Each structure stands twice: as C-alpha cells, then as structure tokens.
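Sending over a structure as structure tokens; questions will come in a sec.
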C-alpha cells in the first residue's frame, strides 16, 4: 500500500527503504532536497513541498512524521490544514505522549486520525526491523497493518503465523487509544536508561578490580583501601562482555552492542563521558511521580546522566564548602 | 574425560547430565543418596562417601563442588585432606570471591589447585549451556578445557570454531588467578539485580497508566493527581513485554522470561513480593565501596529487595513520627 | 495593621493568634463557624461569609488564604470577584508555585496583587514563629512588612536590629516575583524529605546493630551474616538522638523532634510506617528533571515514601517471578 | 584529673586546650615537637617520646589517641607494650569500629582497657564542646567521666543538672561495649553525608530556577525545556539559607554553616567540587548491607562523592558508547 514519510533523517530514510523492500509505495518529503533525491533514486516518490506531498497521497492519506519532537506538533498542524476527514497522521518520533493525547482530540474534531507510534530499533532497524508501539483509533490502526507488519521484525523462524493471537510476536502492538503508543515507548526508554546504567556501573567495578595494585595517596582526605589483597585482578572487559553473551542470565541486545564496542576500543577513548538524554527518561519519571510509583533505579540512572554533564558541580562545591566549614577540610585539587 | 561432582541439587544434577551427554564420565556424590541414585540410573558413577568419591577419581583428580556457599569452605577443606598434589578442586557455587583468594593460597601450599568457576544459567543451563567465569592457575584451567567446553553453550551456529581468538565466544572464560572467576560472577549478579529492577520499575509505571480512572482520597495527606486525563491507559503488560522482544533496544533473556511469566499470570498472583538476595549483590557493592566506584543504580536495586522484605519499616515509622512531631500529621492507616 | 485570614485550620488559626499577640487586627473566616467563633473569643473580627469577610476589610484589603492546595485556586478566584484594584490576596498554603505564576498574571489584569508565601513552622509556629518565603510584587510585599515581621520568629537575642541588611535574619524573605515564594518553599520541603530520610535510615542501621545476636534462617534464599561478632550492640536509640543534639555536626531541629518522639516511644509503636507526601517533594523533582539538575538523594527519599505505602508491590512480585523463571527460586513467605 | 593526649593536630590540640580550661592536667605528645611546644606554652606537660609520655602518666594511666585511622592500631599496640594492667587507651579518631572490637579483646588479655570514643564537633569543638559517643568497659568509662564532661558541651542553660537520668543531655554517652562508640559515630557520619547531600541538591535546584532565561541548544541531543515561563527566578541563595535558619523545619547546624559559607562566597568559587570521604560513610553502608537494612539515601550520598572525583567516567563513556552503537548518537563535547 501507499504511505507518505516526512522527515528523512537516520530513522525516516531507513524506514522508507524497509517499506519499499516490502513492496510498499513511499511518497517522501524533507526540507533537505538531497535527502528526498537519495530516496527517489531508490524508488520513492519525490515531493518538493508539503502541499506537493499531500497532493501525491491517495485517500485516505497516511502521512508518517519522523521529525524532532520540538517541531512535530507544528508540522502536524500544518499538515492537518491540507488533509481531509479520514486521513491519518502518524507521529513516529520521540514526542511526549501528552502531545498525542492533546493532538488526537484536535484532529478528531476535523475527522482526522492521529496515531502515535513509538519506534525502537535505532540504526539497526533497517535490517532487524523496528519494534512498534502504537496508539490511536482502532480503524486507522487496522488500516495501516500492512505498513506496521513491514516495518516490524516479523515472527521468528520457528513461529507459526497466527495473528489471531495478537501481533506482539510480530514486533508491533496496538497499545491503546492515542497517547498509549508513546506512553509505552516512553517507559521503554526509561527502562533502557536503567539497563544501560546497570551494565555501565558493573563494568566500572570490574575495571577497578586491580585497585589493590595502585599506590594510593596516604593523607587524611583519602580513605585507605583496607584489604588490597582482594583487588589484584586485571579483568579483560571485552572478553567478559563477550562471554556473558553466551548462556548467562544477563544476556541482551545491549550487551551484544557493548561487547562489540569494547572489542574495538576497550578504553572507550573516543568518548568523553558526557551522556545526553532525549526526554523519555524524564517523562517516565514524571509519570512515576504523578502516579506515586517508586522508580528509584530509573531516576538514579537519569540523574547520573545529568551529573555526567557537570550539572552536580554546584552541589559538590557546596559539600566541600560544608566540610571546610565544620572540619577545616581543605579540598583536594581535581586531578 | 572424568570429573567428580559433589552437590547434586538443581544446578549440580543438571550439570552432570550435560557433561554425560557430551561423553564425559561423572563420579557423583551427595549427602542425599537418592540424588546419587537418580544420576547413577542415567550413567553416573555413584559413590557413598567423600572417601569413596575421592577414591573413584583418577589422578590428577578433579572434583567440582556445587554446594551452598555456607558449607563450601568446610567441605573443600575436608576434601583437601583426602587429595594429593596436582589434584583440582573447583568451587562452582555462589561463594564470595574472597574465599577463593584465601583458599587458593592454602591449597597451593599442599600442591593442590583451587578453581573458582562462576556459573550462570540457572534451571535453563542443562539445555542452553552454562556461562562459566573461571579463576585459577593456568595449567589446571587448561587441563579442564573439555569439561568447560561441554558445560558452556558453545559457539553459535554461524560462528567458525576459532579458539585461538579465545574461548569467550564459546561461553567460558579464564578471567584470571584464583578469585577472578567469582569476582566476575559477583559483578555479573550485581548487574543482574540492576537489570531486573529496571524492568520491574518500568512495568510498575505501565501498570499505573490508568491511575486517572481511579478515585483518589481527597484529604490533606494524599497528593491529588493534577492531570488525570493523561493517565487513562489500560496497558496489556503481557503483550507489551512480548512486543519488546522483537526489534527493540531493550530485548534480553530476562525480558524473554518476563514475557513468559506475565503470559501465564499477568497479575503475578502467585507471588507476594518478598524478594530474596543471595549475597553477590551485597559483595558487589562492598567492592564498589572499597574501590571508590559509584554504583547508585546497583545499590538502589539491592536496597529495594531489602525493603520488599519489610526492612524499611522502622525507618518509615520514624518518618511518620517526625511528620507528626512538626506538623501534627496523623498517619493514614495501611490499606 | 489589619489583615484578613481565610481558612482557620491548624496553621491558619495559630497564625491569627500570633498576629493578634503582636497587636494586629485579624478579620477571620472559615466555612466552619466554630473555628470563627473560637478566634472571635480571643479578639478576632468574625465574619459569616466571603462577602462579609471582604466587606470588613479596609482598603487596600489584604486577605491571607490558608487552605488546602486543592481548593485555593477556586477560592482565590471567587475572592478576586469581590475585591478591587490595589487589594492583595496571599496564598500561604502548600500550593504548586506554578499556580502562583499563573494566578499573578490573571490578578494583575484586574489591578490585584497575588502573593505566594511559603510558610514553614508547623504546629510550633505559634510559639516559635514562622519562616516565610515570599513571592510577589515589591510594593505589596513592602506594604505587608509588619504582618510578615509579626509572623516570623524575629531576630535572635544577640542580633542588632538592622533590616537594611535584609529581612532574612528576621525569618522572612522576599524571594522574587510571584511564584518565587512557593518555589523556595517547594525546594525547602524537598530538602526536608532528604534530611528526614537520612536520619531514618541511620537510626534503622543503629537498630540493626545487634543483628549478630539473632538466629538467621540457614536456607539458600537467606544471605548469611558472615561476621556476627561485629553486630552485637544494643544501641539505646533515644539516648543516641539526645546526645547528638549536643555539639555534633548533625544537630538540627528535626533531630530535636526525633529525640523527643523516641523518648516517649522508642519502638514507635503508634506508627505503622505508611508515610504520606503532600506534593512539594514531587514538584521539586519535576523542577530538577526539567532543569537537568541531578537530585538522586531527594528522589530516593520521595520514592521510599511511595514504597512505604505498598506501591512497589507489583515491581517486587515481578522480581520474584523473574527469579523463579531463571533460577527456580521459590519466594519465601512474607513474615 | 590527669590525661595524656597523643596526636596534636587540629582536633587533638583543641581538645587539650578545652581540657586545660576545665582544670585538667594534660600530658601531651606528638611526633612534631613544635605541636608539643605550642601546647606546653599554654600549660600542658610536654614529652619527647612515647616512653617519656607513658612515664609521665600517673596510674591508672589514661592515654587518648587522636591519630589518623591508618596508624592508630600500630601506635596503640606500641603503647600497650609500655602500659600496665588497669591502664586505659582511648581511640578518639575516625577508626573503623571493628578495630575497636578486635583491639579490646587483645587489650583485655593484658588487663588493659580499650575505649573507642567517636568525637564530633570539628574545628568548633574547642568553643562549642564535643559530642562524644563512647564504647568500652563500664568501669573505665566511669573513671573518665570528668574528662568526658569537660570535653562535651554540657547541659544547656535551662537544664537542671541531673546526671541520674543519663549523660546524653550533657553531650556524651556510653553507648555500649568496645566498638559501640565508633559504631554510633560511624552511623552519625553516614547520616551527615545524607543531610549534606539533601541541602546541596536542593540548593542546586534553586540555582537552576532561572533556567528558562537561558538559551538552550536546539539539537537532537538536548532535551528542550518545555515550559520556560516557570523557570524565571533569580534566587538569592545566601539569603534563602539565612531565612531558613529562622523558624523553618529544616534548620540545623549544617545549615548555619552553609549560610555562613554562602554569605562570604555565593558562587563558592574557592571550591572545585571534588568531595572527599573519610571512611565512615563507607563503613555505614557495609553495615547496612551486612544487616539487610535499606539505606538508599545514604548510599546515594556516598556515591555522589565518588562521582564528584571523576570515578564515574568509565561508566559514562560506556553509556555514550552504547548510545552510539544502537542509535548512532554522537556524543556532545564536554563544555
């Protein structure tokens, strides 16, 4: 079937390619004409403006947005002006689920459908397929089933096709009304932060397993290592992550990627340790706070990212200032 | 080759079966004669005492212990009395790595080898293979390579056998001198706690996505839910965990198991929420503390388990007592 | 000077008494006529309706609201209908500072002043004075200086009156435009949660100092206490909190109250450990999340309160379900 | 009465002065002769060697050690060689309470008394008095009562002397057998870390209250601030900490010191934010872990100190490496 894709960045372009491979017709638009041209070469229908884009879509139109969260709302509204009752707009980006709840109300007043589709899979989705978490009206979701099925990984080799039991084993799921898709994706990313932090902390501890070999400063501001004989191991981190991939309880796709990254660069020298976050982790915690659900692991993982960006500095200065004030402790210089 | 196995519980018995399937001869002993008899039926060499057990092992003897951590040290020492220079004792249980560091020193004085082999895989290891993290002297580790290879999952279908590049892709790894195996396994379990908590917190937030539908008490001791319109989702947790298994960033073996558990019992009504811990998470944190490595996610995950067992109660009572003391807040009754 | 007080609960009534003691005229109103009558006996000007209340206030009117956050906005709006340009409404309750930001804009359109005054001091404020954190337009704040001065504790005995250097040493502070007062109070309460949790956790550890004397279960699901000889202390918690009040680094008013509470009831048997939160801790964390400031201690303190109310239960059940799934671990019954 | 003091650093020297002011005779020793000479000028009995020091003490001798934890054990043992049954050695430093448990056993074999006295008060103790947490045999503790009473702050002005009700209101407390004093002091410091972190995080949030005025990068790696209108406050941190000292729930001695530090230097420009820890926080957490007591706030506070020293760097690099691996996210440069 036909689908329009607006926003042809890393995610959008790969999704178009996966859809075309499955035999779907893709009408594409991006403010960068080169991105459009690249996909047109591979068979996509190129368009030169939002109006041209809408004009080339057959009714009921289906337009999928893969845009930065900051501009999705504005673009969706402009698009709505050009569309007609029965048409469908899909937000596949990392938007706040609350926007989808609000947009769906506005869209339904015009007879338009607004779908929010949390899309996980990153740069590997083209090959591996994307995990899709879908929110929106039943009929529109059903209408787009072939698109979702093509984007998703599909059932594993040994699975017998049986969608009657639901589409989850195929890698896509209608999670509920508008907002539900992005809500589930939001929590998915919140979990992701926690998983990543668990591996990262563990590897950091393994790296310190040789602490007993190092010479430590012997001053009043440095806690001595009381039993150095127990910290004499030089652990090979790339090999440890590799072995854990085979038969252990903590095997995962993130571990696969970690093992790959460490194999190439055990010291991770290409990175400085300034960790970004793109919003979902924050919204996950706000949801936990609103609903009174304890989420100390997920929040700690988020706050560590903030700290990695230097945002704890003033708090830390204050701690040193207090220590100086009550105990005369002079801060050791940063190494 | 031949190997002795002492301790024929859930783990030990399955390991014997996996070894025999691979063609190894297993001499087995357990204080429970029935456990011995069960394996003898399947081809293991039965023994009736520790002395008998040692007597039936060929030199250099290799005796693998799969015992509760609390008795491993004592049994290993008794065994050492019966063994001779060149023999090997392997501790495959969840012992503290410090015991292995200490034992290895004592054993080496008698010319005995002490190996610590962290063993992950749980009840699935018989079929899936065990991930082995090995510490100990090079020669003894090398001698037992066929045993490790048989217990481990082995290389995946597409892998070309190439042990020159190391055994990690086969699911076992010599991590370093005595203690290194259990150290790596300890951190492995510390990470496991963090991963599990990340999923559990996330699922708990998803479960609360319908909080806006519930009626809340409207008293001064209950924070109102300010925007209930954003918490109107009834999320199908079994389906969500299933869909995440296909193409998402957070796919993992733990997620596979979680999806399976939720499919059978979405409310998890068979469980009360009293979560045990078996020691490795604690030791991981002590190692982090000793070496000055921040591990806030792993520690939070551990402490949540303590709280699940009611161990925060006195602290919580104290909070209520303070609130009463400064603000006259009367504690709401437990529901 | 004259001031109106609406909402004569625990806080409002005591504030009226403190103001009258300082010689101010208080016009009072509450939906509960008994509360009005009680204060009238002590010299307050009683009123019988909101209209009567406004009618008895001299221009420029000043009406202070001490109401539950849930109804403050509605009442303030009704009051605004009855007031005139130049009049002042003060919200002294635990409202979200965002409401004050929004209300101030609406009020200023009518020429009315909206002040948000975070008020700390609890049931002790009558005697000790209230710490006031004030947000709103300069002129209105200045106008009410005598009221703030009377409510606040005032300068200590040894202080030389010198308001030129600012009013903070007197216990009240104009923190900025509308919303700033409640923002500062919000963070104040966020800090309060953290302080309380620090004491509570510490006391819980002291209470466990005799763990080595207890008999522990010796099963695979219970971590043994490896060095019981170091946990043989029966610590007298009431006396410890008392001694800390004298000369230690951790002396505080909360510690004073804690020592008092423990003296009366060392086991805190009147409390069950279900800890409420009234909103400010939540908003503090949302502010931290929005602005990218790490607040792991404050968030952990908040989430512990959620857990104390049983909100971690589903997450904990999931952990037990996973442990059963991978390791066959059977959950121990709740004691 | 007479007391010997060995270790005349910041703490030891001030304690000697306080004791002499109260009329006690102090025999002093330090490896730095200048420190000895300084106190001799003020009336202390100078000594030139450990032997000389012991020789000048009257039986039963009482020798108080204020030494770095790293050397206390060694010095105590040397001292024990020179002392006789009935003599008393007091460790007033920040030693691990486990050392006191062990030392007391060794000392008691020779008829010597070993006391562990946790001493809080920092550089202010000379003037304010020290809070003393005492562990050791009853008789020895009782014998030294005049010394403890002189070092401690003593009862407040309004208190009626009544030691029958216990000495805690005077600022010193016999907490239990050897080790109990340092155990209580250890937890005291663990709490201190939590309190400090609560204030520091809160102040950091207040500092960010103007985040809505700043221009933020508008790229995919930076979460936008969705409602900047609510973050427009320039909060005066020195004044806020000052006002909180008067009548608020969070008043404390640490807050007094914080307000003082901020008054002098609101930006804390003298500090870099590298926060040391001296051991007690670590031991507190190990005790919590051993006894199964949840301490997530205290542990988070400790781990933040580790992070302030750059110890999270490898973990953070790993997070960036994972983000690059799954999503192609390029790390933003450190600012």
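First chain written, first letter: the chains are A, B, C and D, and each begins at residue 1.
Everything below uses one rule, namely that a contact is a pair of C-beta atoms (placed from the backbone, for glycine too) under 8 Å apart; a residue touches a chain by one contact, two chains touch by 3 or more.
Predicted model, so just to flag it, every value in this text is computed and none were measured.
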item: Chain whose mean Cα position lies farthest from chain D; value: A
item: Distance between the centres, which are taken as Cα means, of chain C and chain A, whole angstrom; value: 37
item: Distance from chain C to chain B - Cα centre to Cα centre, in angstrom; value: 43
item: Chain centre separation (chain A, chain B; CA means) in Å; value: 29
item: Junction residues of chain D - those touching two or more other chains; value: 122, 197, 199, 201, 204, 207, 223, 226, 249, 253-254, 282, 288, 290, 292-296, 300, 304, 307, 311-312, 315, 326-327
item: Contact graph of the chains (line, ring, star, complete, other); value: complete
item: Parts of chain B lying in touch with chain D, wherever the complex brings them together; value: 249, 282, 285-286, 288-290, 292-296, 299-300, 302-304, 306-307, 309, 311-312, 315, 326-327
item: Residues of chain C defined as touching chain B within the complex; value: 10, 68-70, 96, 122-124, 196-197, 199-201, 203-204, 207, 218, 220-224, 226, 253-254, 257-258, 260-262, 265, 268, 270-279, 282, 296, 300, 304-305, 307-308, 310-329, 331-335
item: Interfacial residue positions of chain B with respect to chain A in the complex; value: 97-98, 101, 120-122, 125, 128-133, 152-154, 156, 166-173, 175-177, 179-180, 183-184, 187-188, 190-195, 197-199, 201-202, 204-209, 211, 223, 225-227, 229-236, 239-240, 242-255, 284, 287-288, 290-298, 300-301, 304
